[in-house]
Structure formats: C-alpha cells, structure tokens
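Here the chain labels run A, B and C in written order, and each chain numbers its own residues starting at 1.
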Amino acid sequence: MKKILRFSLYLFLNDYIRDFSGSFWIFFFPLILYLILTSIFGGIAEGENVTFRIGVVYEEKSTAFEKMVSHLKGEKVFDIREYRKVDEALKQLKESKLDVVIFVDKNFDSSFTKAILLAKTKMKLTVPIDIYYVPERTESSMAKDVVKSILKTMEVEIWRSFGNFKDVKVESSLEEKTKKFNMAHYYFPAIVMMTIMSIGFFSIPYSIAEKRERKSTRRLLVSPFGSGEFILSVILNNFLALLISLTLLFSMGMLFYRVPKVILSSQFILQIILGMLIYSMIGLMIVSLVKRTSTISIISNSLFQAMMFLGNFYFNVLNMSWGIRWFVYINPATYILDKLRGTMGYNSYLSNHLLVPFAWLVLSILIVTLNFKRVMGVE
Amino acid sequence: MYNNYKLLFGGKNVKIVEVKNLKKYYKDVKAVDGISFDIEEGSIFALLGPNGAGKTTTVEILEGLRKRDSGEVKLFGETVDDIPKEMKKRIGVQLQKSAFFNYLTVGETLSLFRELYGRGYKVREISEIVHLVDKEKSLVKNLSGGQLQRLALGVALINDPELIFLDEPTTGLDPQARRMVWGIIKDLKDKGKTIFLTTHYMEEAEYLADVVCIIDHGKIVEMGRPEEIIRRSGLKTVIEMETIEDFVVEGAEKLDANKYRLIVNDPERVLPEILKSGKVSNVMIRKPNLEDVFLKLTGHSLRD
Amino acid sequence: MSDFVSLAKCMFKESIRNKGTMFFTLIFPMIFLIIFGSVFSGGSVGDVQIDVGVVCSENIRESLKTLKGPWNLIFYESESDMDENRKDLDALVWISGESVRILKKPRDMSNMGYLNSFEMSLKILLEKKLNGVKDIVVVRERKIHAGGMDIRPFDYLLAGVIAISILSSGMFGVITLFSHYRELGVLRRFKVSPVRKISFVLGLSFSKFILSLLAAFIMIGVSIFIFHGKYSMNLFLFIVTIISSTLGMMALGIILSLSFKSPTAANNVASIILTIMLFFSGVYFPITFLPPKLRILSFFMPARYVADAVRYTLGLQSMSALNFWLINTVFLITGSILLWVASEISLKPES
C-alpha cells in the first residue's frame, strides 16, 4: 500500500505539478468557467442583465403615443431610440442594431381619440400599433413579447383613468424553491461534474496513453510493481487532483457566491465520489480499448462535449426530440448532476438516479478487466 | 563566379569550403572557439569529436541554420553570411535529427524536396540509392529509425548537390545499415561530390575520410589524413587487457570494470612486466587508432 | 510558384491523412451543430411550453382559451386535483371572482420571464372582461427577416457555429504548423532548402483555407438536409469571408506560436481564447444578454464579426457593404502581415 501511495505521489508530481497544462485544466479552468458562467448568466433569469433596444417611429408628433413611450422609457430594460422614418428604423433592425421597432402612423392621435370615444358605445374602432421584429433572433422575439405586454398594460391604464374601473387583485407568489433559486448555485454542481469528466476523459487516458507510448508502462510490467498497483495509483493520483480542484471550487463558491453548506454534506460528497469512480473507469475503459493517443483524443473530446451539453448542465435538454433525447437518458452525467442539484434543493427531473450510472460503472469495469493487459501496452 | 574560380585554380585542389577563425559562443559556453579549416573539392572531410565538442554547431553554421559570432565562411569561393537561394540548390543537407511530415509517404517527401530544389534526381533513382524502394509508399510515421535516417540522406541527395553536409549520418543505425550508408557515401565521393560529415565514431572517420579534423570543447586539436594524425601522435602500440583481483596497471586508461588500455612507445619493455604480474588476461596488442590519439591529446575518450 | 504548389499539395495530404486534424476540423464542429441544432432547431419562443394549471369557473375558461402565448393551460375541477399534479406544472392559478392567486414554480428557471408575461396577460384579460371594456389598441406583430427569408433561430445559430469552427481550425492549425512542427524539427529542414519564405508559409497554410471551406459547406449541408435550413447564399462573398476569416484567425494562432515556445502552452492559451469567444462573441446567445460591463468585450472578439459576415453571405442578416468589406479587409490585412512575420521568423537562422 505504501508503494502505491508513493507511486501516486510521483504521478501527481509528473502529471499535475510539473506539467502546467495538467494543473491548469483541472485546478484553474473550472474556476474561470464558473466565473464566466455566473457573470453572464447570473442575472438572466431575473432579467437583470438584459437590455432591449427599441426603435420608436413617429411619422408625426403624437401626444398619446409619447405618453405610452414614456412608460417604456421608465423601464431600465429598454434602450429607446426615436426615428422619424420607418425605413431607417427597419434598416437598423435588419442590421441587428435594434431588437424591435414600434411604429404608429401619422394619424395615431386622432384615431386614438376616436377609438376612446367610440369605446363607450356599441361601435368598435381599434388603433393599430405595429411591432416589427426579427423572429430568428431570440432577443428580438423576447423584446417583442415584453413590449407587447407593456403596451396592453398601458391600454388598461387608459381605461382605468376614465374611472369606475374594477381592478382584478392578483396575488402572485413564488414557490420556496423558486425564491431561493440562484444561478450561481444552480451552475455549481455542473462545474463539479465538468471537472470530474475532464479528469475521466482527459487526465486519466492521456496520462496512461502517453506513458504507454513511451513504453514506461512496459518497464513497470517487468518490475515487482504490477499493473494492478499501477492502475490503482493512477486512480488515487486523480482523486487527489479532484480533491484539490474541488477544494478550490468549493472555497470560491462558498466565499464569493454563498453556495449553501449542503455541498459539504455526506450525500453531496458521496455523489461526487460515485461520479469520480464512474468516470475514472470510463477513462480506463477508453484507454483499454484504444491504442493511439490521437484516437483517444477524438473519442474523449466527442464524449466529453456530448455528455456535457446533453446532460442538462447549462440548458434544459429534456424536452428535445427523441432523435437526440435518448442520449440524455443514457448519459450518466445527467443522473449524477440531477442528484447533486436535488441535494441542493432544486427540482429533480429524473426518478431513478442509480441505474444508468451503475450500468456504466459495471460495463467499464468489465471491459477494463477483459482488456487489462492492453491498458499497459501488452500486445 | 564559382566556375571562374575553378578555371583559375584547377580541378582537384579547389577549395569548396573555407573556414577562418570561426567562433560561436552561448553565454559562458564556447561552442566553437576559433576554428579554421578548408575542404577540397571531391574529398570527404570528417569532423570527429565527442558529444558536445562543437561539431553540430559548426556544421549548422556552414549550412546557414545558425549565425556565427565571428570568423569567415566561404562556400564555393564566396563569402557567405546568409546562403543565397541559388547556392542552396547546390548544397545537400542531412540534419542531426531528421523529421518530416508524418503523413506523407517516402515518395511524396522526396518529391516535395525535389520540387523545392527544382533540380536533381528522380524519386525512384534516389530511393534506389538509399535502398528505400520498397518503402516508397509507406508513411513517414511508419518508418523505423534506420529507414528515417536513410530518407533524410535521400532528401539530402535529391537535388544532386555538389556539396553535402551530413551530421552524424549513422548514429543509431545497426552495423549493417551503417555499412550501407558508408557505401553510399563512398559512391558519392567517386562521383566527385564534396562531403562534410560529422561523427563521433572513430571507425567511420578512419574508413571514409580523406581529412579528419578532431575537435574538442570547440577547438581543433588535430587535423589531417588519419594515418598522418596517428603517425604524428608518436603512438606506436596499444595494449588492451583484462585484469583480475583489482589489479591496476599504472598509466592505463580504464575502459570497463576490469578492462584497461595502455598506449606505449616501447611495448618490448612494458609487455613482459605486465605479463609477469600474472594478474592480466586476454591481452591484445594492436596499432593505435584515432581514438587513442584523441585520448592522448585530450585526456578523455571519444565516448565520454 | 512550383514550390508553393508542391507545399500546398503536400500539406493538404498531410492534413487529410491525419485523423485528428480531420476530426477536429470537420467532425467536431458537426457535433456542436447537431447538439445545438437539436436543442434550438424548432425555433426558440415557439417551442417553449409552460404548463399552467388553472382552477376557475366555466365562463372564465372560455375567455382564458383566447390567451395567446407559449403556455399550455390545463383546467382542473378542484384545487385538490390540481395539487396532485403540481409536480408537472410550472404555475398554479386559482381564479375566483375578482381575485387571482398565482403560484409560480417554473421547472426550468429560464421560463420565468414567460410566466411573468402570462401573469400580466391574465390580469389584463380578466380586467377587461370584468369591466366589459373593448380593445382600443391592437398590437400587430410584423415579422421581418433580415435577409428577406423566413428563417429560424437555428439558422441564425449556424453562422456562429461556422465562425467558431473557422476560429478553431485557423488558430489551432497554425499552432500545429509553427509550434508543433518547429518543436519536432520538421521546419528546420526547410530552412536549409531554397524555398521562398512566402511560398513556404502560404503553401503550408493553403490547406487550412480549403479545409475551412470544406467544413463550412459540410455544416451548411447538414443543416439543410437534417435541420431543413434555408439559405440564400452569395457564393462569392461566402468564399471571400471564409478565406479572409481563416486568415484572420490564423493571425491569432501565429501570435500565440510566436509568444509561446512550447506548442502545449500555445494550445492551452488558444483553448482559453476559444472558450472566451464562445461566451462573449454573441454566437450562441445574444450579446444583449451579457451584463452591460461585459458587453464591451464582444467588440474585441473576432468571432463576432466572422459570424456577422457569414450571416450576411447566407442571406440571414442585413449589413452594409462597407461594413462587410471592412471586416474582411481587416482580417485579410492582419492575417497577411502576420503570416509574413511568421515566414521571416520561421526561416531565419537561429542566433
């Protein structure tokens, strides 16, 4: 056991301390990615970061419309620009310099007045307001919806101003979980999973493959330090790396983002250990099946990206078409991450969190056992 | 200009390479410390020395890969700082470490360099010279070390150069492959090529070279024909022996655990005394070679 | 000329025979395309589905059915019925007379905005019904397609995927060329040959242009045949954009190769740059979603301009001709200058 521990330390020195890329990608990149994600997406759910650029076109001065626009100007989320000609505004819209264009024609004021007068009668007259938007641009579609809602609210304000208007009392509340929702906390387990997967897909297979290519593993085979001890040392080395990485990540999360202490609970930690075991075995499985480093790189990169983006890490993938959704359900990361988030108090999308991950673990162990010699480079 | 030079000075004694007081220093290390030599047309010039003597630095300065700190270099009678493109077409180079694009075949690599030089042999002709015909369609990444060396030699010869630089052309080759390369080099000489080769193998220098230049710590310690160098050293006889029971032979160089080499001028006096001790075996007496000369001149062997 | 042609041919063979190079240039971007295409190909807003449970009277039900938006109203007879199914709902609504209670519990937090919008629309509808008022203002939605064609967010996204693919192959390709091959010693042999510097660098880089073009066309093909994309491509401008942006991205790779001796270090820094570009260049989600202070970063991301130019050439976005040619000219000039610098440095004798 002492030999295994010593060997693990030597491996750690070789793979992580003296190799800048080893330490960078496992220790520091998760912190950088977490910082980027929280900076960008931190306020998105609440709409804090979003700014919609609205082009407002008056062909002629319109008191009524100006009053409406002044409501929009009051909202922080809008950046209002005024135009006299609709073509100019539409050009800006097409060139992505605006998100929506609101247009009223030159008779708006008179039509509006008539419409209000006739509204109290049985006759109906409506005044159109055109909202131009570009549906293929997400921000344009969203801006259109928001502006539309606000314009309809303004209409109600007009009615209210006539007096004798009955309000509907709306009591709106958020579920406890929703109140507590914090994007930085929500992403935290995703970054943990990404770190585990990086070690499993890259650190472990690359380290073994590189030693195999240099014939270092063969040299070990003819020594009293056997292959079993070597594999165990590799796993231990990477668990140590994960421990350091997570210490940094946990510190950053708890100190700067107030990630709740539940991440230190035994349930959360056990899930991480399980995840690490599974991905370590997957990494060993890859290196036992594939000889060349270049091919390992291809397989590892493909699986890593696919499992990350189709594991519900950053956006919801559970409502995709079945052509791709099947991958989400056979991806062990989906379950481990869902369980980690569940431990933190978020909604759990899946029921059985153990079946698929354990299936991967068992399959990997089986394949590594059958191809054991190939891990060490014995033909 | 080269042709005028040849007409003025005649054929065989024309100097293709002239080096005067060449220096190259790296911080505290004097890699090349004021060396001078000339190479005649059609001759094989071997720069012999141990690792770190300054051989590769010297040859790479002549090839144009490195800048010299001071001194003069003339190729084909012209002083050169940067070797002009037209002159490069007349020079063949095999670098110490050969590396080519891994995913090109041997044939494609030779063809590529043929195109870059714009002249020379056909690919098949060179493949035959370097014995790589059956490997023409193999990818470079699938070649063995020896095959890669031969490819590098082929690339050095593809443009039918007049002057060829070979930097340790047989390092890492097995004896058979080495002999094959020696055969190629000899053939090149027969065709009138001028060859500058660096080596740390004494046998190679002795076998191939018209002129051997022994270099150590950036300085030339001896230069001339191999037999002249040996004769000038004054060394007459070399006695090699194995000793038993930790017996030490005074003045002998230790080659191995109990193997010694003693260089003497009066073997008739020394030998009986050694044999009298009764503690030596496998005694061999031979003529001195360049390695023995090197040992005498520098105090250490070529393989140190 | 012949040395350029020979080098170009050989480099192309070297690239296409290298499984790793071909995978990362052609297949890897396709993985992203398929993932993001599958997530976003239906459109964004149109495909969002929020399940809202409602308990209300019959006459209100009929009015509620007129509410337009990405919500699916599920009516329950009783509170207890609705409560049993709360797990599958994003919001629970109880309407009784003049009061409404809404409990919002989005299963996907990104739908919170739509729930807020639903609340607003519900209030407006109920108030109008209660007060018997008519609509005065009718908001007419006018769709404009920047390129003149009816396209989806996925089609828009494709340009971003192509931009990142060009960035990746240009930048990493050059690092392989000037860092990795330099470390292996391959470039040294060329130094002693009579090859012209510019032929050397252009010949070796030429395959990158071809591979970038190939990758771009394959991605467009995949998006047309699998995701039913529609494009109105200006072939000439598209090719110009791919070539100039490849050159521009190669410039980045050259800077890294010259700054970092070790190819591993250069590759690592390139990976960081790629990650930053993914997030800050507006290719996968709008720049306007970035925090205000970070939005300025997008102006420094070459991928942003490449994506814009690609969209323009595919008929997905409008752009002034001046802007288009300015972007391409900057990439062409920067890339050319740096390639020339790289050729001078790669083939000069070591000091």
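Keep in mind that, in the parts below, contacts are C-beta pairs under 8 Å (C-beta built on N, C-alpha and C of every residue); 3 or more make two chains touch, one makes a residue touch a chain.
In this text the structure is predicted, and so the values were computed from the model without any measurement.
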{"item": "Of all other chains, the one whose Cα centre sits farthest from subunit A", "value": "B"}
{"item": "Geometric centre: closest chain by C-alpha means", "value": "C"}
{"item": "Whole-Å separation of chain centres (CA-atom averages), subunit A against subunit C", "value": "15"}
{"item": "Where subunit B and subunit C are represented by their mean Cα positions, the distance between them in whole Å", "value": "58"}
{"item": "Between subunit A and subunit B, centroid-to-centroid distance (C-alpha), Å", "value": "62"}
{"item": "Residues of subunit C whose C-beta touches two or more other chains", "value": "18"}
{"item": "Interfacial residue positions of subunit C with respect to subunit A in the complex", "value": "18-20, 23-24, 27-28, 31-32, 34-36, 38-39, 43-45, 47, 49, 69, 98-110, 112-114, 117, 119-124, 126-128, 130-131, 133-146, 151-153, 155-156, 264-265, 267-268, 272, 275-276, 279-280, 285-286, 288-292, 294, 308, 316-320"}
{"item": "Subunit B residues within the subunit C interface of the complex", "value": "63-67, 82, 85-86, 88-89, 91, 93, 95, 97-104, 108-109, 111-113, 115-118, 139, 155"}
{"item": "In the complex, subunit C residues that touch subunit B", "value": "2-3, 5-7, 10-11, 13-15, 17-18, 181, 184-186, 188-196, 349-351"}
{"item": "Residues on subunit A engaged by subunit C in the complex (per definition of touch)", "value": "20-21, 24-25, 29, 32-33, 36-37, 39-40, 42-53, 90-91, 93-96, 99, 112, 115-116, 119, 124, 126-139, 141-142, 144-146, 148-149, 151-156, 158-159, 165-175, 177-178, 181, 183, 186, 294-295, 297-298, 301-302, 305-306, 309-310, 315-317, 319-321, 323-324, 347, 349"}
